[in-house]
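What follows is a short report on a single structure.
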Amino acid sequence: MAVIKKIQDKLSALDYSGMYGDDFFLTWEKTYDEIMATFTVADALRALREAGASPRIFDSGLGISLFRDNSTRTRFSFASACNLLGLAVQDLDEGKSQIAHGETVRETANMVSFMADAIGIRDDMYIGKGNAYMREVSNALKEGYADGNLEQRPTLVNLQCDIDHPTQIMADMNHIIDTFGGVENLKNKKVAMTWAYSPSYGKPLSVPQGIIGLMTRFGMEVVLAHPDGYEVMPEVEEVAKKNAAESGGSYSKTNSMSDAFEGADIVYPKSWAPFKAMEKRTKLYGDGDMDGIDALEKDLLAQNAEHKQWECTEALMKKTNGGEALYMHCLPADISGVSCSEGEVEASVFDRYRVPLYKQASHKPYIIAAMIFLSKIKDPCGKIDELIARGIPRYFG
Amino acid sequence: MAVIKKIQDKLSALDYSGMYGDDFFLTWEKTYDEIMATFTVADALRALREAGASPRIFDSGLGISLFRDNSTRTRFSFASACNLLGLAVQDLDEGKSQIAHGETVRETANMVSFMADAIGIRDDMYIGKGNAYMREVSNALKEGYADGNLEQRPTLVNLQCDIDHPTQIMADMNHIIDTFGGVENLKNKKVAMTWAYSPSYGKPLSVPQGIIGLMTRFGMEVVLAHPDGYEVMPEVEEVAKKNAAESGGSYSKTNSMSDAFEGADIVYPKSWAPFKAMEKRTKLYGDGDMDGIDALEKDLLAQNAEHKQWECTEALMKKTNGGEALYMHCLPADISGVSCSEGEVEASVFDRYRVPLYKQASHKPYIIAAMIFLSKIKDPCGKIDELIARGIPRYFG
Amino acid sequence: MAVIKKIQDKLSALDYSGMYGDDFFLTWEKTYDEIMATFTVADALRALREAGASPRIFDSGLGISLFRDNSTRTRFSFASACNLLGLAVQDLDEGKSQIAHGETVRETANMVSFMADAIGIRDDMYIGKGNAYMREVSNALKEGYADGNLEQRPTLVNLQCDIDHPTQIMADMNHIIDTFGGVENLKNKKVAMTWAYSPSYGKPLSVPQGIIGLMTRFGMEVVLAHPDGYEVMPEVEEVAKKNAAESGGSYSKTNSMSDAFEGADIVYPKSWAPFKAMEKRTKLYGDGDMDGIDALEKDLLAQNAEHKQWECTEALMKKTNGGEALYMHCLPADISGVSCSEGEVEASVFDRYRVPLYKQASHKPYIIAAMIFLSKIKDPCGKIDELIARGIPRYFG
């Protein structure tokens, strides 16, 4: 348990008191210490599990999942996190198309939460809607708790919205910290978050936005690269600039994938839809204009097809620092010749990075569990001691 | 734990031995003591949870849910109750339209129940079918247990049928007891169960029927109000009359919402479909006559629309006792100007009662848990002592 | 606990070391001792549960279920087994028609398994595909574990494939052992696995194949009976012949249901589709030839209809040993005059055997639990002692 002692020492040096009883919406709403505490608790929970100790803190309780979109990876990550802590997952299926408002949101949020300790929401389809919906749910739960209708306030975890994808990006970041041997080694490392071609349409902006919103906080040189017309939300770019200034790093933009890869230590080539097109789509959906949506889809696919050269090739990888940049992706990737004829990444590049890619993904259940743990446990260091001391094995094998 | 001691004292005075090993179909099949024991155990389970003690009595076991209709509230209540007691919920999806019979019911009931401790069924769509189906399942399980094929007999909980909605109505009643400071204060209180206009069609009769079937047992003056043509099942009215006679209360009917509200202590304005129309619909479904169903739907909506004045307004609320009757609803309500243009209740009335409405709903998970607990535990008073003594926290926080 | 001591003695005499850390694909890949160990551990888990002791070995962990086909019985058996051992079930819904390959299978298998201890797959629709898919998943998980991406390797349990249905057949076999008072009494018993008429089409071959592949290992006389054209996979017949030669039993074929029933101790009359037709269907699906599939279906129904006399009647039952053969079925059966007009079995025969049929089915959850237990627990005998000694009740009643 030496590794856990070391993690506890790290945790003791941080001020994360603000996370107790709080939700997790956007990484840039959390202090640097709170972000670091999340990584540290995630590591502690993993170390506990690997050492055979159960980090279960709930004897009963529900973890509610609400996915407006199909999801396998995030769904299983949330289910794993809940299960590890002792919560039973109960899916709330409100349907995909219908976005509830006002009274309905308030009422449903309370009605399902009488015994809920956590609620994870994925709502990334419509610009201006997903994050707002989550806050509406959170406010309803706060009110329900204040009114005495709920015995406990469920912790809300943003499992992807229109603005950020904090559980993904925090997992990505913890993978980077692991790979580079500590956050202290990240100063001036170059991160290339670049658009890449995909034959599909309308991928959410939450990953590139989340990356520039978080990675700029560690003194790294963050470059966002995309063809003209694939801009992300301007307010997130403002966050990235502010972060970079504060952390002593930089945030810059380019329209050249090659420039972005030049000397990069980390590359994250991934398709996304233009922000303005997503705004337009949101409006079309609001108006129920299905013909307009079909036309927009055709336009966007045609626009994508003009940028097929935005592919993460072996040649591009050679341009990175020592030709050995860390290749990252949130998965699934569009692999040329494998999952599509032309896509985001050359098959040989993807193949070479499969093990680290899976490792990257393995952080997500622990990040989610850490978010819930920090919201529920006032003294995480002491609780970790207790979890070790009580001696309940995760697996009585 | 003084509050729990008091609850145990109450429980000790009651004879509820008949609930051990039994199912819960209709409130009027239970003795007064059994009804009171259910409220009391529900309060005890809540008090235990609020005091931080886990009332989990199962280390493993399944709680099977079978919903023939979409349901969020009841589904989560059942899931919460099962989870609190230690059962994992497993959904049995038999499809909505197909009503299984005979061999199929017997076989399926046994096949899914080898490790099931509880089964909750909601089947409220067809008059004459839902409750009968539940009894068929229950009989199959009794037989399977007697034959030695099942190691334990799952407790069947009626989560809403064509006749009664006992988990809802018991939650409603416990809310009334709480609100009025004890069952001893209910004598001669006036309850107005009244029809209200809704732009939707075919709402089940189980709530008004359940209300007149249960609330007449406490010496209250129960009034059922509805427009001509919205009669409920005559056999349930007979139950209400008998109950009222025995409890020293009264059961009466009126066709005036205003008369019902006059001096009322409790009002429950809610839409439902006419019993005879539901009988007709059941027959049309049985014959597969979809045109007939469409025609019936149109007729019913037109019939509803003649009674838009049946709305719970501020003006009507003023007529109640001190203008301060307890407004109740099983939720979701059709709120005028909020969830529909014209509906069951004025927005300002609903708003004013939101907190008590949510409180009302919060009883349901505990009522369901109490029904299962009383069926599984021979000595609930002693078991509550044990649950406190073993000192397992619900949440190791 | 004398019964458990006896079971442990049996277990101690067997060599089942190969099951630790291994999957369960086909019964004939397991040694005789491994098969017997599975029955023995299943009996031990049942005895523990019946004695009130919880055999839960996981404090947390997921059991993933992947069903490409609708399933109620096997789904609940898997859920029961997982729950008994302490795993939460999480369904992976990949859709029915789409058979994933290569990269997608490898990636998905890893992405869902970060905290998974078991994965149960049912994939029986296409000849040559189901078992192959399971092995692909298993290999991906082995690789993910070797690479350090998975902290534990999930045990794969074949919940029915195109070749075998080991959880069903092992449950069937354990029922036979129980019924005949021990495996030592099975020598020279005659088992008739016979085709029977059903008005439905395309039932999987995994049951008859599984039966001849397993039952030939116990010195029994196994007869496979079917009309011309309903052949099973030749490679499984080879397995049956080899098994029979080794066990001192026999494997033979006949085209007469009556011959098969003559003097039989056990009869298993059940419909299945011709192997060659299933191969053709697999090809048609691969080509997306829906017209071809419709035509094939019509042909197969017509072919079935020529063999309506293949029904398990009272007259046929009289031909069995003492007229009292054990009638078996994996359920649901097509019962003449009950679930269809003409089917696999006469209603009076089915009725007479209902209790043993349900008993037969009751073995499945324990067989699945035993498969997982033996893969996870190095010293099952010692662990059973520990499970008794720790004194955690399954139900704190």
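Order of writing sets the labels: A, B and C. Residues in every chain begin at 1.
In this text, contacts are C-beta pairs under 8 Å (C-beta built on N, C-alpha and C of every residue); 3 or more make two chains touch, one makes a residue touch a chain.
No experiment lies behind these values; they were computed from the predicted model shown.
Determine whether chain A and chain C, two copies of the same sequence, contact each other through the same residue numbers or different ones, counting it as same when over half of the numbers at the interface appear on both sides.
Different, since most residue numbers here occur in only one copy.
In degrees and to the nearest 5, what turn takes the CA positions of chain A onto those of chain B?
About 120 degrees of rotation relates the two copies.
For chain A versus chain C, what separation do you get between their C-alpha means, in angstrom?
Distance between chain centres: 41 Å.
Would you give the residues of chain C that are in contact with at least 2 other chains, written as numbers and ranges?
Within chain C, the residues that touch at least two other chains are 56, 88.
For a test of understanding, state which residues of chain C touch chain A in their complex under the given definition.
Touch list, chain C to chain A: 56-62, 88, 90, 92, 102-104, 107-108, 110-112, 114-117, 144, 147-152, 376-378, 383, 386.
Along chain C, where are the residues that touch chain B in the complex?
Interface residues on chain C, with respect to chain B: 49-50, 54, 56, 72-73, 76-77, 79-80, 83-84, 86, 88-89, 331-332, 335, 338-339, 355, 358-359, 361-362, 364-365, 392-397.
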